[in-house]
Structures are given as structure tokens and as C-alpha cells.
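So, here's a batch of structures to check.
In what follows, chain A forms one complex with chain B and a second complex with chain C.
The block that comes next holds the complex of A and B.
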């Protein structure tokens, strides 16, 4: 099978899975479970955005939540002010992309090494977290939207159909939109990685010096990939804002950490892996929350330590490696 | 005039706190290139040790200064054995594993002691500068920060163990060829770093109150201070604490504590853009 056909097949598979989920899950699940599922899907988009930039660009961003939260906040503020979400969405995609581009310029053109990059991105999301937390009171209104400090913006409006402000979507429809967004992000990421640009990014991840000596502009490629992942994280933020509401926790250290854990558990260097990791860890977190005899943090922490020690490559690559070994042995 | 004196004292005490909470992390990162994200929880364990011991009638100073480093140092030995040792040379994996450890410690302590704030009140009382009151404990913390930095410096500079540690830090293979066991040096270093974190937890317990999640308030700041400081762990931490601590305290006075923290973070970002290898990557390179 040629790589092109393989990509086509994978994208086709993702579309089928998404279509099945979009058609059947709203009928199967109760309303609460469906809204929860939408949250998970939005988180999966966030995981995918980090999986792209970390697994294929070698850029470990500790503050992916900065773009996630900024997307959510922009969406909430803009749609309250416009009274219509049609233009709020593009704006909420643009701002995180610009933030990612600006940060990327600081980091990649400053040739900052990976640990320091982690610090800068983490710091950015913490700044936003602190700032968002301090915006209680009337002096912090943007137009008609109060930023609400610690409480966030509980009145975040749900999406409406384009150019029809009175036709708001119901949770079932928002779920379908979220699933479509996830499938689209997956397809876009797959296709980008097939282009010349995407392959140069992977080459840079493998050996930055060599790629640079071959004449590729390492800084520009990293910047562009980082901006794309910022855009996807912003989209995740919009979806999240639609099923919960925006609050400073979107920027928090625990969210920032969870994203990394999802990608790590699922498998770096894959795109499906982060999505699987996200769903698994979310499920585990929810399940742990219902147990009374053990603290959820304790359970999660032990799982993460075990994941790093036992499956350092992540679940998906480990599983497919095992599978290849088994079938290879079977054939021989 | 009095106001200026109080502000100056506050700046010094901000810097001192930063030095105290960063030093353990700096030792571990500077010597072993291991970023310990459970550093904040080591502080928390130190704080709990102090509060629990004091609650059982132990003398306050023993509870604050003696027991926390011992207990947390022992925890450090166990953690190094079970976790860190398996991940040497894999910086990102170490960060993630210690993050898991940090969550597990928060969860475990919550299960054992509950989620409420406990604490000891700051000892030593106040003295007044004009119409302002200044806590004597703040002054004590400044001297503690100085004493700790000097102790670390002296141990590294003048003791045989410090010599071995510095040699291993510079070139582990060469040290190994000369008959030093790097594993053992790393184990001792990690335990010493943990003990410093525990002591820091004991020292700040009277100021911050003790909750299972208290570590998260410090880990980001300590992490950023150490990275901004750069390769030379002691000089780096001291200069970075001096700069970031002053900026944060000055902005706290001018605006609000939140913007003080924001200013600290922004200065750190700009500084890393200008000096990508940290402060001591450019200045004072040959220092310790």
C-alpha cells in the first residue's frame, strides 16, 4: 500500500467512526451523558493538537491550555457582544493562532531549547490563569461580557446556526458538531503531514541540525506547525465552552498537565493515540471520582507513574508493536 | 521613609522566600539535570511534618527546622530508588513521572489528613518601624535563606563529598573511571535536594498554612526561578530569585498580588528570550 492510500484509508476510517458516533450516540445516551461525551470530544481535539505538535514537530508545549482557554474566552466574550456566534467562532480561532504565532516567534527565533520552551509555554498559561482569576468586578467587562474572575462566564451562549441568532443548537447538535470537528482536525493533521511541509517538520523533529544544514528554515516550519496546533486547541476551547462554560480552570496547571498525560499515555508520534489516551484517562478520572475509598488524585498519579515506567512509548505504539510481533511470528 | 524601609524589607523577604523554595529544586536540577515536579509536594510534606510534630507537643524549632528535612530526605531516598533511578537521562519522562508522583502525594495526603488548612502561627512576634508592623519571622527567613545558601556553597566547595558531587556533575563518565559510583552520588544528591525542600516546607509552614495542594502554589515559581537562573545552580538561583523576587514584590506594592505574580512570569519569559541559557549561561559562568 502506498503511503498516500494509507492516509486515505485512515482518514476514511476516522470519518466512518465519526459518522457512526454522530448518528447513534445521541440516541443511545441520556442528555447528561451526551454533554459529558461532548466534553470528552472537545478534550480529544485538545489532545490531538498537542499530539501533532509534540509527536511530529518535537515541540513539547506545556501550556497548550493557553490556546484552549483563550479560544473559549474569546468565543464567550465575542458571542455575548455580537449576540450571534457566527463571527465569534472565527475570531476565537484567530486569537489563539496569533498567540501561538507570537509565542512561537519568541521561542523558535530565539532558538530556545526544549526545557526552556516548556517553561515559557507553562508560564504563559499560568499568566492567563492568574489574570483570568483576578478579573472579578465591573471594571473587567469587555463590552457587555463580564469576565467574572474566579467564576468565569456562566452565561456562555451555545452555538447557533450560522447567521440565525435565534436558532440555538441543542446539545445533540452540538455533540454532532464536536464529532465533526474532531474528525476534521484528524483529517487535516493527517493531510498536512503528507505534504512537503509536514515531512520537513518530521525531519526537523528527527534531527534539527541536519534539516537546517539541508537548507530548510527550521524556525519557520516550527512556527507554522505550532500556530496550526494553537488553532486546533482554540477550536477545542470553543467546543468546551459550549458544553460547560468558560472559567479560569481552562488555563490551570492541572488541565495543562492532563493534556500531556493524555498524549503520553496514548502514544507520542501517533494521532489516534492522544485521542484514545484522552478518552481512557477521562474515563479513569470520572470513575475514580465515584470511588469513596481512594482519592482520585492518588489513583491518577499512580497510573501516570506506571505509564511512564512500563509503557514509555504509550499504549498505541506498544500495542501495535506487540501485534506486529505476534503476526510476524505467526507468519514465520 | 518608614514606608520605604518597609517596602525594602518586603522585597528582601520576597527574595528570601523564593530562594528558600527554589533551592532544593536547584540542587537536584543543577547536579542531576532532573526536573522534579514533585518538588512542591516535598515542600508540602515538610509542612505537614512540622505541623503534625508541633501538634504532638514537639518543640516548635525542632518541628520547623530539624524534623522536616529528615523526614522528607528519607522520602527522597525512597523516591530515587523506585522512580528517578529508572529514568536517568530521560528528562521529559522524569518530569512526567514526578508529576504523577506529585498527584499521588496530594491524593495520599488528602486521604490521610483531609483537605482542610492547618498551620502554626508565625513565632517571634512583630516589631514596629514607625507606624508599620513587621514580622520578626520574615527577618528570620532572610537569615535562613542566607545560611542555607552559604551551607550549600560550603558543602560543595570544601567537603570531600562536595568535590565528588561537583566532579560527577561535570563529567560523570570520568568520575566513574576514577572510581566514583555516580549512582550513589546521584542518590545522595537527590536525598539532599529533598531534604532542602522539606526544610523549606517547614520554614514556610507558618506563613502559608498547610494544605495538601500547597505545593502547586510554589512549584511553578520555583521551576521558573531555577530555569531562569541557568546552569550554575547556586549563583543562578540567587540572582534569579533576586531579580524575580524584587520585580514581583514591587509590582505587588504598585498594583495587586496577582499582577505581582504576572510581572514575575513576564520578566522570566523576556529574560529567557534574551538569555536563552539562563542568567548564568551568559554572566558569572564559572561560578557554582
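The block that comes next holds the complex of A and C.
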């Protein structure tokens, strides 16, 4: 099978899974569970955005939540002021992309090394967390939208159909939109990685110096991939704002750390792995919350340590490796 | 003869240490030039200045008469300079076909890149390894894969930093044959300190010592010069 055909098959598979989920889950799940599922899907988009930039660009962004939170806040503020989400969505995609581009420009063109990149991105999200927390009071209103400090913006309007502010979507429709967005992000990431640009990004991750010596502008490629991941994280923020209200928690250290865990558990260097890792860990978190005999955070910590020690490559690459061995393709 | 690459008073300082001190030289089209010198002579620093990995403290670098001082490595590569580093610099997770294909994709379409990549690997005698993962290859094979990536885009000038480092005697002999063959189509600069290898390939040699050019002449005369012997044996040079 040619790589192009394989990519087509993988995208086709994702579309089928997304279509089945979009059709059947709204019928099967109760409202609370469906909203919860929408949160997981929005988080999966966030995990995918980090999986792309970390797994295929070698850029450890510890502050992916900066773009996630900015997407959510921009969407909330713009939709409240416009009274319509039609233009709020592109604006909420644009600002995180611009922030990622600006931050990426400073880091990549400033030749910042990998470790410091993690520190800078984490610091960025923590600065935004602090700032968002300090925006209580009328002086922090943007137009009609109060930033709300610690409480955030509880009155975030749900998505409406384009140019029809009176026709707001119900949770079932928002779930379908979220699933479509996840499938679209996966397909876009897959297709981007098939292009020359994507292959150069992977090559840069493998060996930055060699890619540069072959005549590729390493900094520009990293910047473009980083901006794309910022856009996806912003989209995740918009979806999240549609099922959970916007608050400084979106920028928090706990969220920033969780995304890293999802990608590590699912598998770096894959696109489906982070999505699986996200859903599994989210499910485990929810399940652990129902148990009275164990602290959920303790359980999560143990699971994370076990994952790192037992399946250091992540669940998906480990499972793929086992499958390849069983079918005899792993011999080489 | 057209001058491809030249330097004027190229100097590289690290704090109080002057690793390259006012080096002026020029490389003509079709030339095979060897830059030699003992460890610490400044060869590798000079190589890194030429290839954009270091920005020189002073002096100028010219490519076909155009000032290219301070340009990034990727910009120099785009001018038509192929660069091979001392330690093989490769994409371990990719195959040789993918890697050489990537070297060509900047210049050609997908199908043409694959065709040329196949030809480059065959030319270097590693066509059979095309679909193996580079991380699994032996050191000598990795050197050849890197050379294939450098050669495939058909650069005007190839700069090789210690191309035989870590190679067996047999592999070194093959590398010497290969460099002579490549020199039929490309100008080549070899930075090296293995004198046996230099003797096998050299026509014109530039000798570095303490960051400066000690002498530059035909290979035979350089090897016969007592100053060069003294440099390699550690005696003082007047």
C-alpha cells in the first residue's frame, strides 16, 4: 500500500468513526453524559494539537493551554459583544494563531533550545492564568462582556447557525460539531504531514541541523507548525466554551500538565494516540471521582507512572508494535 | 577558472581564543581541495564558518563573487553548496530513500525526487539499503547515506568535514575512489587530518596551523615541506 493510499484509508476510517459517533451517541447518551462527551472531544482536539507539534515537530509546548484558553475567552467575549457567534469563531481562531506565531517567532528565531521552549510556553500560560484571575470588576469588561476574574464568563452563548443568532445550537448539535471538528483536525494534520512541508517538519524533529544543511528554513517550518497547532488549540477552546463556561482554569497548570499526560499516555509521534490517551484519562478521572475509597488524583498519578514505566512509547505505538509482531511484520 | 567560494581575512574568535585567524583562500570550479592540519588547527571552526553554522567575527565569505557572510546554513545550501558534517547528521527514523528524496524535494517533484534518490543511492552502492531505517545502519553505511543526501541535489560545491571518520581501511579506500569520482562533476573541499587519505585524493592542499594558513600548494610539495612535518610532529614552526 502506498503512503498516500494509507493516509486516505486512515482519514476515511476517522470519518467513519466520527460519523457513527455523531449519529448514534446523541441518541444513546443522556444529556449530562453527552455534554461530558463534548468536553472530552474538545479536550481531544487540544491533545491532537499538542500531539502534532510535539510528536511531529519535536516542539515540547508545555503551554498549549495558552492558546486553548485564549480561544475560549475570545469566543466568549466576541460572541457576547456581537450577539452572534458567526464572526466570533474565526476571531477566536485567529487570536490564538497569532499568539502562537508571535511566541514561536520569538522562540525559533531567537534560537531558544528545547528545554527553555517548554519553560517559556508554560510561563506564558501561567501569566495568562494570573491575568485572567485578576480581571474581576467592571473595569475589566470588554464591551458588554465581563472577564469575571476567578469566576470567568459563565454566560458564554452557545454556537448559533451561521448568520442566524436566533437559532442557537442544542447540546446534541454542538456535540456533532465538536466531533466534526475533531475529525477535520485529524484529517488536516494527516494531510499536512503528507505534504513536503509536513515531511520537512518530521525531518527537523529527527535532525534539525541536517534539515537546515539540505536548504530548508528550519525556523520558518517550526513557526508554521506551531501556529497551526495554536489554531487547533484555539478551536478546542471554542468547543470547550460551548459546554463548560470560560474561566481562568483553562490556562491553569493542572490543565497544561494534563495535556502532556494525555499525549504521553496515548503515544508521541501518532495523531490518534493523544486522542485515545485523552479520552482514556478523562474517563478514568470521571470514574475515579465516583470511588469513595481512593483519591482520584492519587489513582491518576499511579496510572501515569505505570504508563511511563510499562509503556514508555505510549499505548498506541506499543499496541501497534505488538500487532506488527503478531502478524510477522515487525521482524525487520 | 571560475571562483566558486572564497574568503577574505576570515576570523572566528571565542572570547580570548582566536580559532580562525585571518584566513584568505579561494576554491575554483572543478577543484578538489584538501584542508589539513593537526587537531586544534582551526579546520572544523573554519568549516562551520563556511557552512553558516558560525557567524565569523571578522572577514568576508564570497560565493561566485557575491558576499554571503553571515548567511544561515539553509541559505548557503540553496546557493548550491552541499555540506557533510564530521559525525553523520541523518534522519534516523527515516529510510535512505525518504532522506535522499527529502534532499531533492526542494528542487523536484515527488516522482522525479524518488527517481533521482534511487539513482543517488545506486551510485554510492547502497541501493539495497534504500528502505531500511537509517538508525539500524552501520557507521560506514550511514556515512554513505549522508553523502548520497549531499550529492543527490547536484551541488556545485561539496564540503566534507572528515568524511572518513570512523571508517575501516577498506571503507576509507572506497571513499577515496568515490570522492575522486564525484570530483568529475563537483568541486570538492575536504577537511581532514587523516594523512593517508589525503595522500590518496589530494591535488591541492591548504595547511592550517594555529588558526592560520601555514601553506597552500600542490599535494606533493606540501607533503615534502619540513614545516608541515613539524606541525604534525609537534615541532615549533618559524
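Criterion: the second predicted complex is superposed on the first by the 328 of 332 C-alpha atoms of A that agree within 3 Å, B and C clash if a C-alpha of one lies under 4 Å from a C-alpha of the other, contacts with A are read in each partner's own complex, and residues count from 1 in each chain.
As a convention for this text, a residue touches a chain if its C-beta (ideal position, glycine included) is under 8 Å from a C-beta of that chain, and two chains touch if they have at least 3 such contacts.
Bear in mind that the values here come from a model prediction, so they are computed numbers and not experimental data.
Contacts of A:215 after superposition: chain C is touched, whereas chain B is not reached. By the touch criterion defined above, A:188 reaches neither chain B nor chain C.
Applying the stated contact rule after C-alpha superposition, one finds that A:308 touches chain B and leaves chain C untouched. Judged by the touch definition given at the top, the superposed model places A:60 against chain B, while chain C stays out of reach. Residue contacts after overlaying the shared chain place A:102 against neither chain B nor chain C. Touched residues of chain A, counted separately for chain B and chain C, are more numerous for B. Touch criterion not met for A:280: it reaches neither chain B nor chain C. In the superposed model, A:203 lies in contact with chain C only, and not with chain B.
Contact residues of chain B toward chain A in the complex are 35, 83, 86-87, 90-93, 95-97, 99-108, 110-111, 216, 219-220, 223-224, 227, 256, 258-259, 261-262, 265-266, 268-269, 272-273, 276-278. Interface residues of chain C, counted against chain A in their complex, comprise 51, 53, 72-74, 77-78, 83, 85, 89-94, 98-99, 102-103, 105-106, 132, 146, 149, 153.
Looking at the complex, you find that chain A touches chain B at residues 60, 106-107, 110-116, 118-120, 122-124, 126-127, 130-131, 133-134, 253, 257, 260-261, 264, 294-305, 307-309, 312. Partner chain C is touched in their complex by these residues of chain A: 196, 199-200, 202-203, 206-207, 209-218, 332.
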